[in-house]
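In the two complexes below, subunit A is the common chain; its partner is subunit B in one and subunit C in the other.
On to the complex of A and B.
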């Protein structure tokens, strides 16, 4: 019956309750949408950094990610280490050999980073195959095919089918050089990759560097990128001591900081928005309690204890919060779904921005993340209860004699 | 042993910097089953006396003992529990909860007493039949006449089987016919169920219906007739 009373009390002043409810629903729904869009932006950034180049996990010699030492090579068989092969969290493993050198076409040369890869394995880890603007991704049977960035192609004035010369230092001290044929051109929006990165077949680069059967790293993709650090921690004890398994948070510390800062800013945004909402709730319930002073006196005269009076008002705020939460979550989910499926393309207005190792793409699209629903939902209920506490306390502290006399 | 005892009870209210004496050295006793009226003009202390007997207020000095409990030394929680178990209130303006139906208004006390749903429904059904308001259970107070609302208020006061029912000017908002009916009803409940009724009034027609009349003037006892009847 208390629940019935609380629910009916909510609707005594329908207009006021609906206005407060609307404010709560709109704030919750917009917050969910905004957080979904933020998450989408950061997911894009993380994907641009990890899924276009780094991978989520990298197995290499200790310090290799800092020094990129040509001689810090490993046997290519490491890609099939049982610990990696059998890990359910890992969905792709790609062996890579890395070289830095000059790429030339006629009288133009550019410094480049060249990754030797096995195409079908690399495509399980990174997604440059989805960023092609011309040509095709190198195939397994291609001996010297190269996938190069759009900026680099522009500087060297090459198109698919054109030949290039790659010159670098080989592991035996000689000058390694050979011909490459452009098979495809990619554009990620990240200038560092688009202007410098070249992918070529692993056996070709092993031959150029005189590093037969050797690789520098195994790049891996995991099912949940946010869980990469935990996967690395779990697998590290199962790996040989001379190897280091790094997650993207270590490879890209600035990206990790950006995401951590996002978590903090999400709480700040939620707090600011709900502070305003909370004041609205507070006003509504103060009015409601003041209008019902005599009734509270009557309930006290009937023997209702002060804590029960407090509980009744808190129950009303909690009910209002729950209704707002249900409708707000639904509206927020629908708007997020729309932004996930359709989104807004801003390519005509802004260009991609590289920031903290990732690329902010010129598009607004949202992703579903439990935290983007749980935080606004939990906070809305907390704010409702907190905003209801002051009026509830006032009602509980009423003097029954004075309350009964109140007009 | 008397059911209600007031020993030298004084009540002083503070209104800003002024002190107003509402009751002064009042001593009274009520036996179980009495049907008594506190009579007197406005400001004579009738409502204050009812509030003290009903544990809604505490005396400034003196002792109020109801059903062997000294209300001056009880905690707020004990007073709330005492009201719940032993006191029923009827107010001048009925003061029903507008969002509850008539039956729910009467049931509320039983709900606070943690009586299960089925027996409390049955109790309210019988009370409504007894009070002649059966059929009005599902109506909201706004859909009832003043007399009907006051009967629902009586049902609410009676629902918890209290030892004492206190009524503050219960007929003040009723026409003479409805007031007479209400008084007859209260008298019947007092006679048949033995419930003690103490009510206040300044209306001589109502006062004349009481078996005992306690007259108050300026917070002091000015007369007590019919005590031994």
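On to the complex of A and C.
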């Protein structure tokens, strides 16, 4: 009975209710869109660091990620460790050997970071194969094919098919050196990778470094990157003690902090926007309660309890909130969907920005994330209830005799 | 008017010349030639040497046999003879540039500026040491720190505009015969990071030189690089053209 009454009351002043409702819908929908775009930006950033280089999880000797010590090597068989192979969250494992050295062509030399990889395994972890601008990804049968960054290719003036010399210090102290043939060129937008990174076959690098059968790390991809830390702590007890499994949050602490800061700033944005919306709702219901003073007086005189009056007004705001929520979520989802499928390309206006270890791509692109819907939705209902509380209280405290006499 | 002016300028110039020639440098001259001689003790006007280099690090140990030629300060060529795996790997220094020849890939590679601080042939000396050691007397302000009956101690501080690696270098030189005993290298924070010790003093022609040189990187205790000069010949008829990229490739 109370619900029907509340619903009918809402539409007694249609224009006012619709105005308030539209303010709520627009604020909820825009908020959802904005949060979706933010999330998209962070996802791009995280992907640029993990899916173009690190991987989500890395198994190596303790401290290897800080010192990159050539001698902190491990047997290559580690990649098939049962604990890793059988983990359902892990969707790719790539053994890697790393070397820092000089890559040169004719008179030009550049310091580079060279990763020895097995092409078909590396492609399950990183996604450089989708960032090629020329040539192709090294194939399994290539003996000395190299994938190099665009900036590096430009500095060395090489095209696919050209020969390069890699020189470094091998593990026995000798000068490791050998020829590479450029098979492909990638461009990620992250200058550190584009100017510095080279991928070459693992057996080739093992021979150059005199490290047969050795690797430095196993890089892994997990299904949900946000869950990488939990996967790492679940797997750690199952792994040998002398090894360390690190998630991207430890490899890229700045990135983890940026994302944690995002959760806080999301709450702040939601609060500010809803404070304004909340004042609008408060205004609407104060007006509607004031107008109905006489009506409430009569209801009370007929025996309606104050709690029922309070409930009635609260129910009205809650109802309004729910309608706004449904429409707002729907609109927000539709706009997010559009931004996810189509997006806005800003490449003509800005260049990629490298920040906190990742790269922000010049595009507006949204992703769906449950929190981006749950937080605005929950907050909207809370704000409606709070905004309804004061008018409801006022209505409930009316003196029936005085209220009936009011004009 | 003009005459007076000229006279004034002339007097001025003469005074300045006198100052430059006779005042300051009189003391410094000794120290400068002393350090220059030490840094070029294995080179002379030109030289040829056979050297054994023994490098010991925490992870590996190896011995290289090398042959080296030099001409003046600016030309230097060194080629590996042993072990077989690295035979004919060679380094050429021309003025301030360093080139490496890698026989395995048959390529000559110029060491870029960013890699000059890197290790040379896996030893505890850097490419920069090859280039800059010869110029210590030019790029550092030298000062006689101590003089005892048997030794000189010379302090070298970088000149303000000099692009150098070390914050300070201290030479300890024996007077009779005049040979270096120890050189200490300090970084920019004035922490001693490297020592070079000299011993096995021999007479080669009319020169007296220590034939063994031990490099101790102090931040890596236990690691050493030892150069042992087994043959040393001075004042050979070497031409500048000997130190060419082509000759770097052709043993």
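Please note the rule applied: the second predicted complex is superposed on the first by the 407 of 407 C-alpha atoms of A that agree within 3 Å, B and C clash if a C-alpha of one lies under 4 Å from a C-alpha of the other, contacts with A are read in each partner's own complex, and residues count from 1 in each chain.
Simple rule for what comes next: a contact is a pair of C-beta atoms (placed from the backbone, for glycine too) under 8 Å apart; a residue touches a chain by one contact, two chains touch by 3 or more.
Owing to the predicted nature of the structure, the values given are computational and were not obtained by experimental measurement.
The superposed arrangement places subunit B and subunit C next to each other on subunit A without a clash.
Of the two partner chains, subunit B is the only one that A:8 touches; subunit C does not reach it.
Shared-chain residue A:102: touches subunit C; no touch with subunit B. After overlaying the two complexes on the shared chain, residue contacts for A:175 are found with subunit C alone; subunit B is out of touch. With both structures placed on the common chain, the touch criterion links A:294 to subunit B but leaves subunit C unconnected.
Computed from Cα centres after superposition, the angle at subunit A between subunit B and subunit C reads 150 degrees (steps of 10).
Once the two complexes are laid over each other on the shared chain, residue contacts for A:304 go to subunit B alone; subunit C is not touched. Judged by the touch definition given at the top, the superposed model places A:167 against subunit C, while subunit B stays out of reach. With chain A fitted onto itself, subunit B and subunit C come no nearer than 83 Å, counting C-alpha atoms only.
Across the complex, subunit A meets subunit B through its residues 1-2, 4-5, 8-9, 12, 294-295, 298-306, 308, 400-401, 404. By the touch criterion given at the top, residues 55, 57, 59-62, 85-86, 89, 100, 102, 104-105, 107, 109-112, 114-115, 119, 121-122 of subunit C touch subunit A in their complex. Considering their complex, residues 71, 102, 104, 107, 109-111, 165, 167, 169, 171-175, 177-179 of subunit A touch subunit C. Every residue of subunit B that touches subunit A in the complex is listed here, in rising order: 51, 54, 56-57, 76-77, 80-85, 87, 89, 91, 95, 97-100, 104, 107-109, 111-113, 156, 160.
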